[in-house]
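Pasting the structures in now, so scroll down.
You will see chain A twice below: alongside chain B first, and alongside chain C after that.
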Partner chain A sequence: MKRLLGVTLGILTAIGGFVDIGDLVANSETGARFGMRLAWVVVLGVVGICVYAEMAGRVAAVSGRPVFDLVRERLGPRVGLANLLGSYLVTMLTLAAEVGGVALAVELVTGVHYLLWVPVAAFVIWVVLWRVRFETMERVFGLAGLALVVFVVALVGLGPSWGDFATQATTLGPPGEEDWGTYGFFAVALFAAAMTPYEVFFFSSGGVEERWTRKDLITERVNVFVGFPLGGLLSLAIMACAATVYLPEGVRVDTLGQVALPVALSLGKLGLAVVILGFFAATFGAALETGLSAGYTIAQYFGWQWGKRVRPRQAARFHTVVLVGFLVAVALLLTTVDPIAVTEYSLVFSALALPLTYLPILVVANDRDYLGDRVNGRAANVLGVFYLVVILLAALAAIPLMLLTGMGS
Partner chain B sequence: MGSSGRWVAGIACLALLAPVVAGLFPTSVDGYRDAVVTAARDAASATSTAAALVASPTLPTYTDVVLADAREAVGTALAEVAELDVPDGTARGLRDEVLPLLTQAVAAVGDATAAAGGDDLATLRDQAPPLAQVGGRLRGFVEGHR
Partner chain C sequence: MRTHPDPLRVDFHLLDRQIVDLHGALVGKVDDVELDLTPDGVPHVTALLVGQRALGHRLGGALGRWLTSVAERLHGPERRPPLRIAFSHVARIGSAVHLSVPAELLDTPPLENWLRTHLIGRIPGARHEGR
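Take a look at the complex of A and B:
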């Protein structure tokens, strides 16, 4: 049981990374418009995040310090600042979207407009961050997020044509009614969603919070190689459910209610209740992740005391940054901006920030001063460099594709 | 700022201003068609979603929220088409074809919302065929004019 609970950090990180509010809608929208033709991007993203999360987790376990701390020390304050600015802005946008996502999930149960829930949701999330132990937090929300496995059950219940899925998944290019521009835009957005910068910062900082050492390298790898593929599987199941229900009808998906409908059609009220619980847990967990990540990056850059393993009074500046992050998120949402649109923009900007995040991790993971004999092997470096090229291409393509396609519309 | 910096800043300003300047020009027939087809597609998505929703057993609050989203989507689509400048006779023909469909969509989603407010599930189920019908006609419009 203890070993099972040991992988909850990876599960929480992956659920936040793969099935947060933006991903829930983006995966469903992709399935509704492209079927499974972009499933390969999810697989590419899962392997990429596994490669880099493993590096970041190993750095934390061996050095006892989070990766962002070492990036600043190893590459200097200027590179660290570029890294900080890129990832912090994306993380803040994502935090706002996740708080909105929690409010949207509560709206589905109560019928009360989500804007009324935004301040309440932000306050409750902040109280959890302030009061609840890190391990308890990750276990409760990581495991509750697994309720989204209901998409896999619902998919089987919908009785899709698996042959059509196979044909779509092995077809490179858009269906007849879509063009290459939107296909490319959604490919970049899905890839950026899988590789979101805050995932590696949260994962490595979480490893430090859990006091990982060299002895925990196996735990770290199990977290990576169970958690992230599980997140990818859930992404694919959401995509496939939407492809089954919406693609034949030509329906576009842009609300959380539509994302849940295939589950309701397949499993009825019980399935619907479970999927809404999953939405709540996944967005709540992602809000915890992004809220903490905002504090982690700033505090680690400036060398402040940080984290939940120390008393709040000892890490007052860290907790202040977290609190300010929530206040900014609430202010942004109360302008009535659509939380789902916020995440879609954050995915595009995330693609831009990816090189700033992942190149320094690759450099640190090859530094013997920090990692001794645990530096990257040849396979990790080959994959790391390959993914850097993919990341660079995604970063270069993100803005032109966004402008050309009008955010994929 | 160096000369390269000025170039980058200039290009960035042009990129930001381009959509604003483009919005000042009169609507072309192609632009009108794109806008009308987009509105019809959004309305078709909303009505088809509502049709699938009312035909299935779901939680009442969930039904209310999804129908409210659908009502907002069809209302927005209708308002967008109504507010567009009509550049010529071809565009007028498109408008005359799509406006009745959008009005039917608004009515069908409104009826479903009203039915969801009552306790009679059978009445709610009865809203599925008209929603599916108008959704299908809107989809036909989209496919015919894409």
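Take a look at the complex of A and C:
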């Protein structure tokens, strides 16, 4: 049981990358439009985030230094500040989207318009951040997010044509009614979501919050290799459910209700209840992850005291950044911007943040001053360099594809 | 056990590293260093400088000026010099710069102080132990 509870940091981190509000809809939309033709991107993303989260977690466990310490130290204050700006904007847009997502999940249950729930949701999430212990928080929302496993059950219940999935998954390129531009846009968006920088900020800072040491390297690896593949599996299950129900009819997916519908068709009311619980927990968890990450990055760039281990008044600047983050998120949502569309815009800033986050991790993971005998092996370095190239290509392609396809529409 | 890297490279081993106090509390970054020459002309580090103003001065240019002016605005009318930590207080340089003194002996940054008294300290539970 202790072992099981020990992996909740990895699960909660992965939720933010694979099944937060933007991804819930994006996975479903991808399934509805492309079937499983983009499933390979999710697999590519899972391996990539595993490689880098493992390095970042190892550095945090052995040296006690979280990712943004490495960014500032290796890239210097100027380039570090450019990364801070990009990462902060990605994180803030996502935080706003998640608060909206929690409100949307409550709307599904109550029927009361989500905008009325936005201030309530933001307040409740902030209170959890303010008062609940890091480990309690991570366990409750990591485990509750697992309710989304209902998509796997629902998929089996729908009795899809597995042969079609296999054919789609092994064909490269868009189906007849889509073009290469939209195919490329969705590929880049899925990959960037899987590797989104706040995952490594949160995971490595969480390791420091949990006081990982060299002895916890096994826990660290189990977290990585259970958490992220599980996130990827949920992502694929959502995609496959949508591919089964919507692809043949040519239906477009753009609401959270449509994401849940395949589960209701397969498992009835009980399934629907579980899926809404899953939405709530996943968006709530992702809001905790992004809310904290906004504080972590700024505090770590400037060297301020951060984290939930100390009394809040000992980390006043960190808690102010977190608090301001929630106020900005509420203000942004109350402009009635669509919370689901918000996450798509964060892709622009990912282009800046992704390469500048992963390069210093790879460099420090080879530094004996930090890691002693725990530096990267050959496999980690080969994969690390390979993914750095993929990240660069995705970053370069992101903005032209966005403009070219009008956000993939 | 060696406590300082030898040779000590200011840009590589010191600048932009995290400063940690005796008990593990986070003090700030090495935003700049103060150098001096020994009588026979060898440069050596005399102090670590901490704070956005020190960082702004080091960066220079428009970005540096902007950082400095934001810091000065936040610090209020009294223009205090940046936090200076004598190099003799440095116990060990590794992935962080470890001090031999507790943070309480150093000046608390004005922004932290202000937010502590006026904002965060006023929210119920601010004194609650994290864990």
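Heads up, the rule we're going with is that the second predicted complex is superposed on the first by the 403 of 409 C-alpha atoms of A that agree within 3 Å, B and C clash if a C-alpha of one lies under 4 Å from a C-alpha of the other, contacts with A are read in each partner's own complex, and residues count from 1 in each chain.
Keep this in mind: contacts are C-beta pairs under 8 Å (C-beta built on N, C-alpha and C of every residue); 3 or more make two chains touch, one makes a residue touch a chain.
Bear in mind the structure is a predicted one, so any value in this text is a computation, not a measurement.
Participant: Tell me the contact category for A:F302 with respect to chain B and chain C: first, second, both or neither.
Facilitator: A:F302 contacts chain C only, not chain B.
Participant: If you stack the two complexes on chain A, which partner ends up touching A:E73: first (chain B), second (chain C), both, or neither?
Facilitator: second
Participant: Could you look at A:K269 and tell me whether it touches chain B, chain C, both or neither (first, second, both, neither)?
Facilitator: A:K269 contacts chain B only, not chain C.
Participant: According to the stated criteria, A:T255 is in contact with first (chain B), second (chain C), both, or neither; which is it?
Facilitator: A:T255 contacts chain B only, not chain C.
Participant: Contacts for A:Y370 in the overlay, against chain B (first) and chain C (second): which applies, first, second, both or neither?
Facilitator: second
Participant: Applying the document's definition of touching, compare chain B and chain C: which contacts more of chain A?
Facilitator: With both complexes superposed on chain A, more residues of chain A are touched by C.
Participant: A:E107 contacts which: chain B (first), chain C (second), both, neither?
Facilitator: first
Participant: Once chain A of both complexes is superposed, is A:S409 in touch with chain B (first), chain C (second), both, or neither?
Facilitator: A:S409: touches chain B, not chain C.
Participant: Would you pull the chain C residues touching chain A in the complex into a rising list?
Facilitator: Interface residues on the chain C side: 5, 16-19, 25-29, 31, 50, 52, 55, 58-59, 63, 94-96, 109, 111-112, 115-116, 119-121, 123, 125-131.
Participant: Using the touch rule from the top, collect the residues of chain A that touch chain C in their complex.
Facilitator: 63-65, 69, 72-73, 76-78, 80-81, 130-131, 133-135, 302-314, 316-317, 319-320, 323, 369-370
Participant: Show which residues of chain A lie in contact with chain B when the two form their complex.
Facilitator: Per the touch definition, chain A meets chain B at residues 107-111, 177, 245, 249-255, 257-258, 260-261, 264-265, 268-269, 272-273, 276, 403, 409.
Participant: Report the residues of chain B in contact with chain A in the complex, numbered from low to high.
Facilitator: 15, 38, 41-42, 44-45, 48-49, 52-53, 56-62, 64-66, 69, 135, 139, 142, 146
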